[in-house]
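Input: a single structure, listed below in structure tokens.
Each chain gets a letter, A, B, C and D, in the order it is written, and its residues are counted from 1.
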Amino acid sequence: MHLRVNLGRNVVVDDMPMEIVERKGKGHPDTLCDGAAEELSRMLCLFYREHTGRILHHNVDKCVLAGGRSSPQLGGGAIEEPIYVLLVGRATLEWRGSQNEIWRVPIGKMVLQGIQNWFQRQLPNLPIPGALMVDYRIKRGSEDLIANYDMGCDVPRANDTSLAVAFAPLSVTEQLVKEAEMFLNSPALRVELPAIGEDIKVMGVRTGRRIRLTIAAAFIDRYVRSVREYYELKEVVKEKLKQHLCENCLIKFPVEYEVEIELNTADEGDTIYITVTGTSAECGDDGQVGRGNRINGLITPYRPMSLEAAAGKNPVSHVGKIYQVMAQLIANRLVEAQPQLRQVYCYMVSQIGHPITDPQAVNIEYYGDVSETEMRQLASSVVEQVLSQWREIQDGFVEGLWGVSYPGMAVACQAELAKKAV
Amino acid sequence: MHLRVNLGRNVVVDDMPMEIVERKGKGHPDTLCDGAAEELSRMLCLFYREHTGRILHHNVDKCVLAGGRSSPQLGGGAIEEPIYVLLVGRATLEWRGSQNEIWRVPIGKMVLQGIQNWFQRQLPNLPIPGALMVDYRIKRGSEDLIANYDMGCDVPRANDTSLAVAFAPLSVTEQLVKEAEMFLNSPALRVELPAIGEDIKVMGVRTGRRIRLTIAAAFIDRYVRSVREYYELKEVVKEKLKQHLCENCLIKFPVEYEVEIELNTADEGDTIYITVTGTSAECGDDGQVGRGNRINGLITPYRPMSLEAAAGKNPVSHVGKIYQVMAQLIANRLVEAQPQLRQVYCYMVSQIGHPITDPQAVNIEYYGDVSETEMRQLASSVVEQVLSQWREIQDGFVEGLWGVSYPGMAVACQAELAKKAV
Amino acid sequence: MHLRVNLGRNVVVDDMPMEIVERKGKGHPDTLCDGAAEELSRMLCLFYREHTGRILHHNVDKCVLAGGRSSPQLGGGAIEEPIYVLLVGRATLEWRGSQNEIWRVPIGKMVLQGIQNWFQRQLPNLPIPGALMVDYRIKRGSEDLIANYDMGCDVPRANDTSLAVAFAPLSVTEQLVKEAEMFLNSPALRVELPAIGEDIKVMGVRTGRRIRLTIAAAFIDRYVRSVREYYELKEVVKEKLKQHLCENCLIKFPVEYEVEIELNTADEGDTIYITVTGTSAECGDDGQVGRGNRINGLITPYRPMSLEAAAGKNPVSHVGKIYQVMAQLIANRLVEAQPQLRQVYCYMVSQIGHPITDPQAVNIEYYGDVSETEMRQLASSVVEQVLSQWREIQDGFVEGLWGVSYPGMAVACQAELAKKAV
Amino acid sequence: MHLRVNLGRNVVVDDMPMEIVERKGKGHPDTLCDGAAEELSRMLCLFYREHTGRILHHNVDKCVLAGGRSSPQLGGGAIEEPIYVLLVGRATLEWRGSQNEIWRVPIGKMVLQGIQNWFQRQLPNLPIPGALMVDYRIKRGSEDLIANYDMGCDVPRANDTSLAVAFAPLSVTEQLVKEAEMFLNSPALRVELPAIGEDIKVMGVRTGRRIRLTIAAAFIDRYVRSVREYYELKEVVKEKLKQHLCENCLIKFPVEYEVEIELNTADEGDTIYITVTGTSAECGDDGQVGRGNRINGLITPYRPMSLEAAAGKNPVSHVGKIYQVMAQLIANRLVEAQPQLRQVYCYMVSQIGHPITDPQAVNIEYYGDVSETEMRQLASSVVEQVLSQWREIQDGFVEGLWGVSYPGMAVACQAELAKKAV
């Protein structure tokens, strides 16, 4: 492995003149696709482990959602055509056990029951059955892929040459965008304001010290009795969000930053954003895996990003998934260990066919008043530590610890891993 | 209308040297398809009536079931791939109300929720969600069909030229076949013997006075602990069935007829007929509408039969459905009114575009010691009576009174209609 | 085998007071489904034979067609949504060859290419690709079925207990109905009158000596320039048909029978029956296997009929298919051999698990001035002959000789078989 | 509009210590999905324009490809199961014309015929019909979206708030990666070496002055007779590619850069990369829209990127598509106009509901020895020019000029636009 550590020469993102950050919330069609694919991967992992003690080959990282058709109405409307979700991918569906008995994956049940249940947990207002049709085209993988996967060696081999990139910490705008969506989708707020649906998209645009959060949030029609109540509710939501962001001192605004919150800006008179189920997928919005948040829970076009979709990939050999978490853990631990660091990027490049613990290159770019010698030492130790924890990281995927699809990895995750790693 | 009444010149079926009768039971794939199509028609009727006061045009008489994949196992096996059901047809999906408001049929919910629930009621051991995927291709009808349908006249017009044929009473073999399946699928027996699944097919072959009932009945794996228990259960089932048929004096056998019961004759050693869910549709058996029982609940190749599938057709103008019930009611009432009748056939031919109360021809062929004059008089009055009850008959479809798909029309139905008609 | 021969006591169909006969033509949605299923079975047979020397297990006798959407227009309209065809069934999709190499059926190509090509041949005016989507759910069969099928014995074993019934000769009405459709769908007439589409349904209703042929024939819009031309074309078609039926002396009408021809009776003013493609499947009409013609090419509710769909079943062990042809051949040969026979019915009952050459029962009911002794002798020899030709009959299915789906078995077929059998 | 121009403070990409660039070639499953979606959008645009003079609302930017199943074999293998492609999105499917007549989009034909034809052009070795099944779920859009879209104003309004980012010129590594794939997929080379399939993926990893191109290219089995020939062909391909890159002096290597080419590195003995059709989609590889190249034809994780998928979106109001091309044109023109510029980034942020010619912000970051004053002037004029050409840019989409899905926008495009704009 080639480790390169260098001092960044660009400006820190917080100091850039402009910044745009987006987060597709829990009920957004793209987030739902990511989540469904990841859930299927997790169910497969659990099934494989239970029956063979290890995770067999799979890659179910494609999913498309075709929106349904509905007629929302104040007081409660109707769903006319269901949301259609098609899961696509490859998996080991059949194998011989030690007694030569044949094992078969109950893939139909996993998808129809498991994924429907998962959707129900994400969207409690979605009437199931009735508003969702889940379908699948999961075939067995090509023999080559599988052969390559299961080489019987200790450390799994990378399935591909690919690049992962991560950074820490989040910028002020990034924190705000993430926190805003998580607050609006928090169980506590839902109890108080059941009218807010799960499909919440937050876009943060920072110009200098001015941050504008533009939020699109689907309201649920049966909890809104009139247009007037809708507009009143919007004010309540904005007020509560503002208060939450202040109270939690996420940032010292409004001292340092001027924050403006806009909610459902396309509303105009009677044209308001209400839905039957809390998601725009019910009518008009389609989705796909890999088109939404990166694994940190954000879309950050001003930062380097990987296009790889982590969701649905196997957590054993698919470096397009594993390295994204590893890189994030490295970045997180570096900024935690050295408070002088203002910003850290971690790039990891895999080497197809080599053990996943032996990347082709790891590149650390840091910003802050730290000497390169010290940084090199620190990075070396952190990188080694994270690579050596590949088993715990794999477990973390199976347990859903990393928030691959939603809510996204956070610094907090380190604590979890530390506990596991002890 | 042209009414022709004539004395039959053939032998009565009971006196024929040979007879073959079949009944596809409650959980047979073809019966399930018939039932699902009919259930969808009934849901549409109820929706239309509730919102417009009348039944709008539809014809959902096509449905295919592609069997799933399972691995049954003594003590309890698994479903690997779900049963796939595709409902196909035409319906009025959208219309303008009196206030010019648009009404839309929640067709997605009807199919996904309504049909799934219906399946669950038919097959309590089918894990839903998990073992069933319901899909649909219900389009709006062609404008011509709809225009023709709704002519604003009092009595609806026949949608086609078609023939219906019915007979009464059931022959001894027919009664036995029908009763055998209904007993094996009765709630009481199920409580006692939960191992019997719903997919029961009975074939009765009579040669002279010897009747052999060959029954194929799917057992449910988790209620059977061993091969030995399976064979013991088979004996119990046969014994109970024999006793039931005797006790209910359906026929005075074994005095007049020698009845033999065979159950799951393809069993051989360890190769036994067990399923996870109680239906062969879980693995290997496909189904379609119109390939199973006629509306009397039987397949009787020695008798004239209509190929028309009643299930799923609209009960307003579709004479392929309505006339089958009307013909059966006529035959039933004739044999009830005149005990000398040994056998009656009723043929009805519709006239496209004419009121359904004005058939092109009704032909009564009777067997028994009754004069043609008397018979003509009786037939004339019965036919007139039944035709005049078209409204009640329509209601009967909506209420599921006629057993279009399962269990099939019986003489008993007359009582019901009589009550309604008062 | 139990052979029973008896003199029929009913009246011959031609002498009955009334008769109704139907034929669904080449382009009718139900006929198309039958044909597609049978074509797939034939393609499978050829593939199996080529690669293994024998026909492996399959049963692809389910198919549903969901009509498309079109806007026909004088001079040429458009297809908006395609016809959707779903083929459902079981087949051997994979096996090991003698060198332990794996053989796989290119099922995708068979269906997508083979069935599309077949549709194109049936419906030359159907724009493919563009107006047809062919899909499939062909799974491998359950192990039990396959095991039962391939018992390594010489004569295949019957897969089920089932009944087949056939009769000969055709009645006058039956001949007329069949001939009418075949003439209207003949290549010669098509050259002359390209405006006639393939979706032609003929219903013949005979009352006494009066036969009314009610024909529904889809016209093709781009060959019809005006409503007036349409009505003129209708007259030409009727005239040509009448002439054809006379000239071919099919029956000595108008001497003996008064024949009336009606074409597209639902036409009214501008509401005429035109289509873009020549089939009603393009808009509004759905179809299924087994809902149309029996293997003699007709639907004859006044005659005993089997509900079994022959189309798509394997021609090796599926007696629901094989016995229908055998019974027809027996009936055909009997009437050919003994000119005194006015009418013959042949019933065949199979015996599950027994060689197909050993039916449970064969029942011949004959009408005509022939002694029972002579008839018994004749029947015995004919039945034996037909059963012994099981190999040639199997070949006949593979070669498409029997017209299982369309045009239907005819007496003429005997000549073919005789040639093969020499 | 807010235009900000600032001198970049980072290092130019060519000077960074490391760089990773990827290009998914013509026949890669993700590229195929992008292309199919974009082709459908173009067909819709042409249809709308022809019938209404303008482009109606649509958004068909979702597509999933589920790989088929094949058994490649030296000398020629077979396809067993087809590639399945599902197009998902929204479109205006029906509207009233000026005479109140109803217009309907022949969406079925567009998809089944248009998209199949398109696939055939991309993959000449794909047997169609036979190896491809194209399906669609294109519904009409929600009324709100459509209303918003068609405001009757001159300049269309932005449908969303979104960010586009572009840069120019390409780095050396980027040029190499792009050129390598285009050469390998060039018609000329295909004539010479028909064994090379269309599914070619190129990854370029630069470390210092060392560039390693790792290429995965599907070979076509029937053009390769032996394993030995395969390895020989690989050497020929590498040699030709090296020569091409040198001869075209794309870069002055091997003087300045050391370039290494690796082809199909996963080969090992008999395990070689052959396919029946030239794409891995035939067996094992799935795809989606938006997971492949950005509109410049590359994936560049070291550069800012937009996650927006341009393919399939409407070119009228969807800024997620339009601004990506505008930003690229701006960057291209700037580097063309001022040779001192070493690198330019252009960020554009739209303003939902505002004319697309009035972005919320345009941010130009430049590298090179140019004064901010000069640069501001230049940028101002170029940005204004590009925004004013919105009509021509729209036309460019309809004509397929921008290479949205493949091969990707290049500097050369400017010339084209210039010609149009005259």
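General observations
Definition applied: a contact is a pair of C-beta atoms (placed from the backbone, for glycine too) under 8 Å apart; a residue touches a chain by one contact, two chains touch by 3 or more.
The model shown is predicted, which means the values in this text are computed figures rather than measured ones.
Centroid distances from chain D, each centroid being the mean of CA atoms, peak for B.
Distance between chain B and chain D, defined via averaged C-alpha coordinates, is recorded as 57 Å.
Chain A and chain B, compared by their mean Cα positions, are separated by 51 Å.
In whole angstrom, the spacing between the mean C-alpha positions of chain A and chain D is 25.
Within chain C, contacts with two or more other chains are made by residues 69, 81.
Which chains touch which is summed up as A-B, A-D, B-C, C-D. Within the complex formed with chain C, the residues of chain B that make contact are 2, 4, 6, 9-11, 17-18, 20, 61-67, 69, 81, 84, 86, 88-90, 137, 139, 141-142, 144-145, 147-148, 161, 163, 165, 203, 205, 207, 214, 265-266, 271, 283-284, 286-292, 299, 301-307, 309, 347, 349, 352-353, 360-361, 363.
Contacts from chain B toward chain A in the complex involve residues 68-69, 71, 78-82, 104-109, 112-113, 116-117, 127, 129-135.
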